[in-house]
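First chain A sits with chain B, and in the next complex the same chain sits with chain C.
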Partner chain A sequence: MAQIRKATGIVDWLDQRLAVHKLLDVLMVKYWIPKQINFLWAMGVILTTLFTVLFITGLLLVMYYKPDTALAFDSVNKTIMQEVEYGWLWRHMHGVAASVIFLIIYIHMLTGIYYGSYKKGREMIWISGMLLFVVFSAEAFSGYMLPWGQMSYWAAQVITNLFGGIPFIGDALVVWIRGDYAVSDPTLTRFFMLHVCLLPIVIIGIIAFHFYSLRIPHVNNEIAEELDFDLEAEKYMSGDTKNSKVIPFWPAFLAKDFMYISLFMIFFFYLVCFKFNFAMDPINFDPADALKTPAHIYPEWYFLWSYEVLRGFFFDIGGIKAFDIGLAAFGIAQVIFFLLPWLDRSDVVKPAHERPLFFIWFWVLLIDLIVLTIYGKLPPTGVNAWVGFAASLVFLLLLLVVLPVITILERKGAKS
Partner chain B sequence: MRELKIFLVVVVFTALVYWGVEPYAHSVMKPHVAPANFDFQQEDLSFANSIVATKQADLELAKAENNESKIEAAQKALDLANEKLQKNQALWDKVSKMDFSKADASKGAEFFSSNCIACHGLEAAGIAPTIPDSSIYGVLPPDLSGAGLLYDEKFLAALIMNPSLALKVDHKFGDAFIMTAYNVDVSGESEEVTDANIINVIAYLKEVAMQHKADLEQKTKAELEARYAKIEGISEEQKAALIEKDMVFAKEKNTFIEACGRCHSMKYDGLVATSNSSDLKGYLGSIPPDLSMMIRSRGEEYLNNFLNNTQKLLPGTAMPRVGLNEASQKEILAYMEKIGDSKKEERESTGLYIMLFFVILSIFAIAWKRSVWSKLH
Partner chain C sequence: MATSESRRSFMGLAFGGVAAVGGVFSLVAMKKTWDPLPSVKAAGFTTVDLSSMQEGELRTIEWRKKPIFILKKDANMAKDEKRDVVIDNSAYTVVIGLCTHLGCIPAYVPSEQLFKCACHGGEFDTSGKNVFGPPPRPLDIPPFKIDGTKLVLGEEGPEYQKMIAEA
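Entry: the complex of A and B
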């Protein structure tokens, strides 16, 4: 047992028992971050903040929400939105944060892609991040069902139906997921369980893993410079803070992030109080009605690009049904980003503007994703269907063919 | 500078996505309609004309395709649209010739008691309803106490002469609408007589409605004063302001009950439709929706246009055009907002305070960041 002396204060008392100084050193004070970074490196902390907002407002909402098809709609729209003191605020914050968190996730992902932060030792950061994205998607989908409005119901209907396309077990799988032959009360209850219990636990676990995975390969920087972190840290600790290429997580990195969060929150609460329809679809203020199909069914904006890949293949090709091709393409779209570190065959870690072909590829991909997103909401008729088809095809080609080819060329060019 | 450039790129692409999935997508998916027009003659004629134009275009399209069956169907639709336009023209021609200034309310009262009381009550004039519930017609016939002030007078005249056409439910009920028409063809009287009867009865309804309004105001005021008298700790001015606010709400709620409450419930305000819901289902085809959250699901602009001309936004709906004048329609929308979006005021004022909080926090955060980073650069 360690030597316990009479403590000089609370911190010392804790330090003797929990080694808080050592812990803070490891987690904060001697956790080194490159200095050469821009505001895009603040997205991780903004995401953590938004997740915290979702977690806390979610706890408040669960106190009044009723996961029962007969009570859910009124418990949200009457009890929470009108009767509970500031219930509207918690709900709007929850709904808007759920939508905005995806915007930040996409910026975070695209930053990683642009600066090549997914390879050469950083694969596990990328994979754990992608895992977070997928589980967050499930969390968002299950949460969207809870108010039991028209869009909740019909989105659940459409999305659960997709699993029916899986060969052999499809039909049974759909019933297993719904807990009934149709989307109904047991469906709502089980998605409630997923949303407030299982998925949050999984998310917290993966977040911890995501943070841990950063420690060994370290955070990338704006010029993708390979740093000797031990050497730079020594420089910093010896007092040469100006010439050291690293900064400590606390206070330097967090001081910067805290500034970005404060600024971001002005924008966030503007959305919460004045501009929330994008995150809280008006149609969902109509109670769920199994007999009345809404004129247009569409997912939330952050699912539109993959939804459009699903819808993009709208005609049979070579005897294979359009639905099956779409489903396969959708399946590929869901997992393809996991493989990014291996689809990129080049071992160059540099920002995209220093990799000419990759640079073009990046912007074409971004534009294609935006086209998919916009056309994913429009009715798939006439020209729209063809735009969706072309954009879906471009998406698959970009990732499956173009990226490997240009990065192989890059590698060969670098050698000669 | 570089950081600012990156920020601008992020903003531009985010804005592009927002524009695409919100304003642009909705402008594609939502039907474009002319804004609400409370000159019902203009509204109906321009609407009927626009339908004719669409059907004409459909026909031309079918002709270009050279598809026999399509041409036939399109021609049929065009003929129907033209027929409807003519019917509307004929009806509104007659209405526009009426001179409402020559009305005699006392004669209107006589006409009312010999013709209208078979179905309509007029509580404010002491006339009890003869039909107590919705079981006979599928819907409870309205008590007309407030009608003279709720509805546009020309609309009322059109309604009396051709109910299903003026209410825009002729596509559903044809000439077999539950309210019988009163016009030259039905009564066998001269046009002079029918016109006089119509303007007289409308004048009478207006007179009753004025009385009805005054009675209601007095009653509400007395109730509110009694209620606020028990409350202590607020000044007389505050009380007066609160009573004033509650009076406005009571008026709006009453307008809603009279215009919408026979078919629609407002669950979040404890209002249940006065007609039985299964009767309504038999009559209209489906149970009319509860209106508690309509202000959030449809928005004020949509509702304003929809009440003005239901067919414009939901072709084929069994919901009649309500024929409310601009003032009463505003009251109904205000009531719907007070029930469905009751925290709007709080949301908008709290929102500003929260944003202000973060503006101040940002100033401190920027200062802190600078002090930390001054040792790093």
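Entry: the complex of A and C
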């Protein structure tokens, strides 16, 4: 045991028992951040803030929510919205945060892609981040189901049906996941368990891992300069703060982050107070009806791109059923970004504007994702179906073929 | 020294063995916890009397929480030996009303004599066969038994078994 002496105060008392000074050094005061980063690097802190908002508002909502098909709809739309004081606020904050968090996740991901932050040495940061994205998707979907409106019900119907496409065990798997022949009470209660218990625990675990994985290779910067963090930190601590290329996370760097959080929160509460409807689909205010499908069903905006990849392949090719091609493409779309560090064959870490072909690739990818998102919402008939098909094909080609080719060319160009 | 090493590895193996057996049993138990409950499985039979149906009429009933389309074919509609359910000399199309693509409910459009699914544009003819769009197979036929003019859903009668054997 360490030598315990009479403490000079509360902090010292804690320091002797929990080494709080050392802990704060490791977590904040001696955690070094490059100076040359822009507002796009603030997305991680904004995501942490949003997750906290979701967690707290979720706790308040779950006190009144009833996971029972007979009670769920009214417990949300009547009890929480009309009876519970400020219930409407927690619900709208929860709904808007769930939607906006995906916008920030996408910006965070695309920033990583643009600056090559997934490459050489930072692969685990990228992979843990992608894991978070996938679990967040499951969390969003399981939560979307809980108010038991028409869109909730049919989203659950369609998504659980996707597992029916798995060879041999598909049909039995769908019944097993639902706990019934159709989506019904057992399905609701188990998705409730996933949404409020298992998935949040998993998310918190992966967030901790994501942060940890950042500590060793350190955060990338705007010009992808390779820094000797030990050397720069020493410069900073010896008093040469001006010439050092790094600053400590606390207090210097967080000051900047707090400004971005403030700006973001103004935007967030503007949405919560004035534009909350965008996260509340009108069809979901009809109670679930197993015998009537709404005329158009579509997911929330953040899943539209992969939904369009799923339905983009609407005719059979070479004897393979359209359904199976779509399902395979959808499966690829879910996992392909995990492989990005290996699809990009060049190990030069540089921002996209210093890699001409990659730069074009990046913007084509972004435009394609936007096209997929727009057409994912439109009815899949006539010309729309063909645009969806082309955009889905472009998506797969960009990631599976074009990116490896571009980066191989880049590597050869760099050598000669 | 050597003895204690081998004792340690024996204990390691013994623990590993016990943990593996326990792990397998708990996985089985967890899998079964997610299976449909006996009460869910038991509530699976529905009887409908078809004697009052008109030619060309479509009736939608509920069976195992799924919609079932029963269409009494009129003279204009093509007969399908393999899929028609013949009761009292009339041909009926009896299908589970869930699109075989992703499980939405297609709507019947009498003027075109088609079942159209709004979600992904799938279309089925009056025999329930997929004629357009992404659905990979015709609408599924639920297990049925013919009892006079009545249809019992959920029970596999001889007509159903014959139909499945030919398909």
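Heads up, the rule we're going with is that the second predicted complex is superposed on the first by the 416 of 416 C-alpha atoms of A that agree within 3 Å, B and C clash if a C-alpha of one lies under 4 Å from a C-alpha of the other, contacts with A are read in each partner's own complex, and residues count from 1 in each chain.
Keep this in mind: a contact is a pair of C-beta atoms (placed from the backbone, for glycine too) under 8 Å apart; a residue touches a chain by one contact, two chains touch by 3 or more.
All of these numbers come straight from a predicted model, not from anything done at the bench.
Applying the stated contact rule after C-alpha superposition, one finds that A:D286 touches chain B and leaves chain C untouched.
In the superposed model, A:G179 lies in contact with chain C only, and not with chain B.
Of the two partner chains placed by superposition, A:Y212 touches none, neither chain B nor chain C. Ranked by how many residues of chain A each touches, chain B and chain C are led by B. Contacts of A:H296 after superposition on the shared chain: both chain B and chain C are touched.
Contacts of A:R311 after superposition on the shared chain: chain C is touched, whereas chain B is not. In the superposition on chain A, A:R190 contacts chain C only, with no contact to chain B.
Of the two partner chains placed by superposition, chain B and chain C are both touched by A:P379.
By the touch criterion defined above, A:N161 reaches chain C but does not reach chain B.
Common to the chain B and chain C contact sets on chain A are residues 295-296, 379.
Residues of chain C touching chain A in their complex: 31, 34-37, 40, 44, 60, 62, 64-67, 101-105, 117-121, 133-136.
The residues of chain B lying in touch with chain A in their complex are 2-3, 6-7, 10, 13-14, 16-18, 20-22, 24-25, 28-29, 267-268, 289-290, 292-294, 296-299, 340, 342-343, 346-348, 350-352, 354-355, 358-359, 361-362, 364-366, 368-369, 372-373, 375-377.
By the touch rule above, chain A contacts chain C in their complex via residues 154, 157-158, 161-162, 164, 175-182, 184, 186, 190, 290-297, 311, 313-314, 321-324, 326, 379-381, 385. Per the touch definition, chain A reaches chain B in the complex via residues 35, 38-40, 74, 77-78, 81-82, 86, 88-89, 92, 103, 107, 241-242, 247, 251-252, 255-256, 258-259, 261-263, 265-266, 269-270, 272-274, 277-278, 282-287, 295-296, 301, 304, 366, 370, 373-374, 377-379.
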